[in-house]
Amino acid sequence: MASSDPPAPQLEKQFEGFRVHLEESGSLRDRIRTVAMEIESATRLMHSSLLLVHQSRPLPEVLDKAKAQIGEIKDHYSRLAKILSECPGQYYRYHGDWRSETQTVVSLLAFMHWLEIGNLLMHDEAEEKLGLNNSEFGLDIEDYLIGVCFMSNELPRYVVNQVTAGDYDCPRKVRKFLTDLNASFRMLNLRNDFLRKKFDSLKYDLRKVEEVYYDVKIRGLTSSGDSKEDQVSQGQQ
Amino acid sequence: MASSDPPAPQLEKQFEGFRVHLEESGSLRDRIRTVAMEIESATRLMHSSLLLVHQSRPLPEVLDKAKAQIGEIKDHYSRLAKILSECPGQYYRYHGDWRSETQTVVSLLAFMHWLEIGNLLMHDEAEEKLGLNNSEFGLDIEDYLIGVCFMSNELPRYVVNQVTAGDYDCPRKVRKFLTDLNASFRMLNLRNDFLRKKFDSLKYDLRKVEEVYYDVKIRGLTSSGDSKEDQVSQGQQ
Amino acid sequence: MASSDPPAPQLEKQFEGFRVHLEESGSLRDRIRTVAMEIESATRLMHSSLLLVHQSRPLPEVLDKAKAQIGEIKDHYSRLAKILSECPGQYYRYHGDWRSETQTVVSLLAFMHWLEIGNLLMHDEAEEKLGLNNSEFGLDIEDYLIGVCFMSNELPRYVVNQVTAGDYDCPRKVRKFLTDLNASFRMLNLRNDFLRKKFDSLKYDLRKVEEVYYDVKIRGLTSSGDSKEDQVSQGQQ
Amino acid sequence: MASSDPPAPQLEKQFEGFRVHLEESGSLRDRIRTVAMEIESATRLMHSSLLLVHQSRPLPEVLDKAKAQIGEIKDHYSRLAKILSECPGQYYRYHGDWRSETQTVVSLLAFMHWLEIGNLLMHDEAEEKLGLNNSEFGLDIEDYLIGVCFMSNELPRYVVNQVTAGDYDCPRKVRKFLTDLNASFRMLNLRNDFLRKKFDSLKYDLRKVEEVYYDVKIRGLTSSGDSKEDQVSQGQQ
């Protein structure tokens, strides 16, 4: 066989198959990336609206504007789910292409939920808001947890700005929320290095909020209503 | 609500669920890693046997010894497939935990196949050897292609040692094989960075083999039989 | 001698001996790592319980819950000592495999001891708590010192939360403790880079506690009882 | 208790004990480092003498000069063993302070042994040369193995220079030696990352020596005596 011969037919046939396969998965990835970028874009708008909360704009106004994007984001996830339904069992093959965007979405939804309701947006509530609850395409638990940590990163700044605006009760409420969240995360054995690192940042956020609470307390700026609950228990030291 | 309250029950319940989920996926990963290490160990033995080919030991003896590990490796893959069958649709979630071992297995099987048959081990042949052909758990195409590139890395050394041992026809045969392989890879649009880099190393292997072929040709060490096929065809270049 | 000969018998015999030796030390290391991970896991539970002290939960309750893990941790160290007793004189060969876990254990024990007794957990007291006092397997002094520094890292946060909860005497007590500890560390010539760096963090903790003490003093929040001792002594400065 | 008080007596006493302990281990380390530097210095002289082998100086002359340092190096190890005997069970605590020097000593002794005898210096032979065979202070096996890899790094250069000087049989002998060594290392499951990396360099050395052997073979520069053993076995391909 001469070395200038074309490759053997079965070799060519196999690589032709690979070529088609790689084109298909490449084009699938392109479509996924397109939707992920649209999610990122809508999320950025939601984030911009939400940031007005640091300027003590009326909460209903801020939340209404931010919520206006949820419908669009939900539509994007529905398109993503549809694309993924074309390749069953490959959710985790392409997961890296939208996970960081999803973590940001979760962090904003959780912040909005806390501002409105005062407690943690649950995993199934997050899935429902994104329309992911009745499909093959769910919200990965680690993405949800990372999103929650991202949300906590926003809280020290929020507390500082609320105190500046005269809301002296905010540090106590946020401290309570982050303390509970901290205790909840401690139940988990975090093997995922990224998640473990994000949890470290949540602990740091809690410490910063505690320092703000301390500042308002030693200046006697808090209302007298919470003095009882914070008293050191009798006989402690 | 007092700040010394325990976390709300639904919060604790959700994180208890996460704790169980993370424990389960962590323990699944441990089991996968254990099997992957056993694959690595059996592959190392196969590699040791196969390396005797560089010392011009009789080929049947070398291949028999190397092939002796295939059964065990196949068993390990069957255990891996069984573990993965517990979590349908999550092949790609854990894929990173065995892919590098699999690429090495493929490279050795492809080298053995080439030594014995003289052409490329096909993707479905590799799957069959590893017992992956009739299960949900297949051989990822990119892993197969990377394994093929790894195999080509062994060939320049093989050619050098064969010429040393007086086999002057070997460079021509390997050159033909790598030329075809090179042409086949060129059909593909390689978006995977790692694979693209490995293909670069295949091109380098081809160049080294061409240089050995050149060495034996200019010294008139090749048999006269191949002189015709190497003539530059009219109008071809 | 032909190049296709097998390696000389004495060469093979030597490497067979090495193979056995490396397998044994590798499996010993695996067993050590398993116990170290169990220590880490029990320590994490102890840490979670202990953190409730920042929420001003009754001290006896917090300490009882945290102490509940000591027995288990002690058992793990007894298993570790038993494993190490199989290879006399090799404590420091494998020391790196459990030292970071041990430093964390010491930091928590020292914090608990300070909360309960108000002074520093001594090295021999730490050894006794971990059952390391009457064995070949002791508590490395540098690990103890690093653990003490880790403990001091918890104190600024503790002071802030105690003041918040109305315990205005806490900063004075912690400042006294860290000042003594700082003076003690200054007696040492720290050649170990990691320990030197941890001591730097202790100095930083002291500074933060001094600032909290300053805050409560200038606001007249401390009880009159400590005014005498803080007067600058004549001729002292 | 006033905050300007000296630390409590038992605290001071404990840290005074630590001070003495750290001074002692620091001064022990200084003494070890001094001897290790003397070993390094004598080894450097030995290395300089030995490098003349690349200039094809008469082997007996080269070896005699290099061997002249062995006595001194042996004395240094005897001092090191004596220092370590003051702190039983702490060999591995200070091991890092002389291990790199020891690996270099082993590599030179092994190179000299190969030049003189033509086979691998065994572990117990290395210990005997350094006077480490009848003491508590032995030659760590991983240090020996790393030293052997370092020695192999010298061989491609040696082969090139020998061929330049007209010794066309050298590549064959070195190839045989490295092939056997390579096969021996493959028996080991190398968990030590550094050692694994050094073994990779040995494989690379073998490949380079094979290429030199190839060069002399295709030019017909080897003596006819080895033509038989290198022939490809009948019926191989």
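Things to note:
Chains here go by letter, A, B, C and D, matching the order in which they are written, and residues are numbered from 1 within each.
Methods note: a contact is a pair of C-beta atoms (placed from the backbone, for glycine too) under 8 Å apart; a residue touches a chain by one contact, two chains touch by 3 or more.
The structure presented is a predicted model; accordingly, all values stated were derived computationally and were not measured.
Traced through touching neighbours, the fewest hops from chain A to chain C number 1. Look at the CA centroids: the one farthest from the centroid of chain C belongs to B. The geometric centre of chain B is 34 Å away from that of chain D, both derived from CA atoms.
Distance from the chain C centre to the chain D centre is 38 Å, each centre being the mean of its Cα atoms.
One finds 54 Å separating the Cα centroids of chain A and chain D.
Residues of chain C in contact with at least two other chains: 3-4, 55-57.
Chain D makes touch with chain B in their complex at residues 179, 182-183, 186-187, 189, 207, 210-211, 213-214, 217-219, 227, 230-233, 235-237.
Across the complex, chain B is touched by residues 1-8, 10-12, 14-16, 18-19, 21-23, 26, 29, 88-93, 95, 119-120, 122-123, 136, 141, 145, 172, 175-176, 179-181, 183-185, 187-191, 229-230 of chain A. On the chain C side of its complex with chain A, the touching residues are 41, 44, 47-48, 51, 54-60, 115, 157, 160-167, 170, 212, 215-216, 219, 221.
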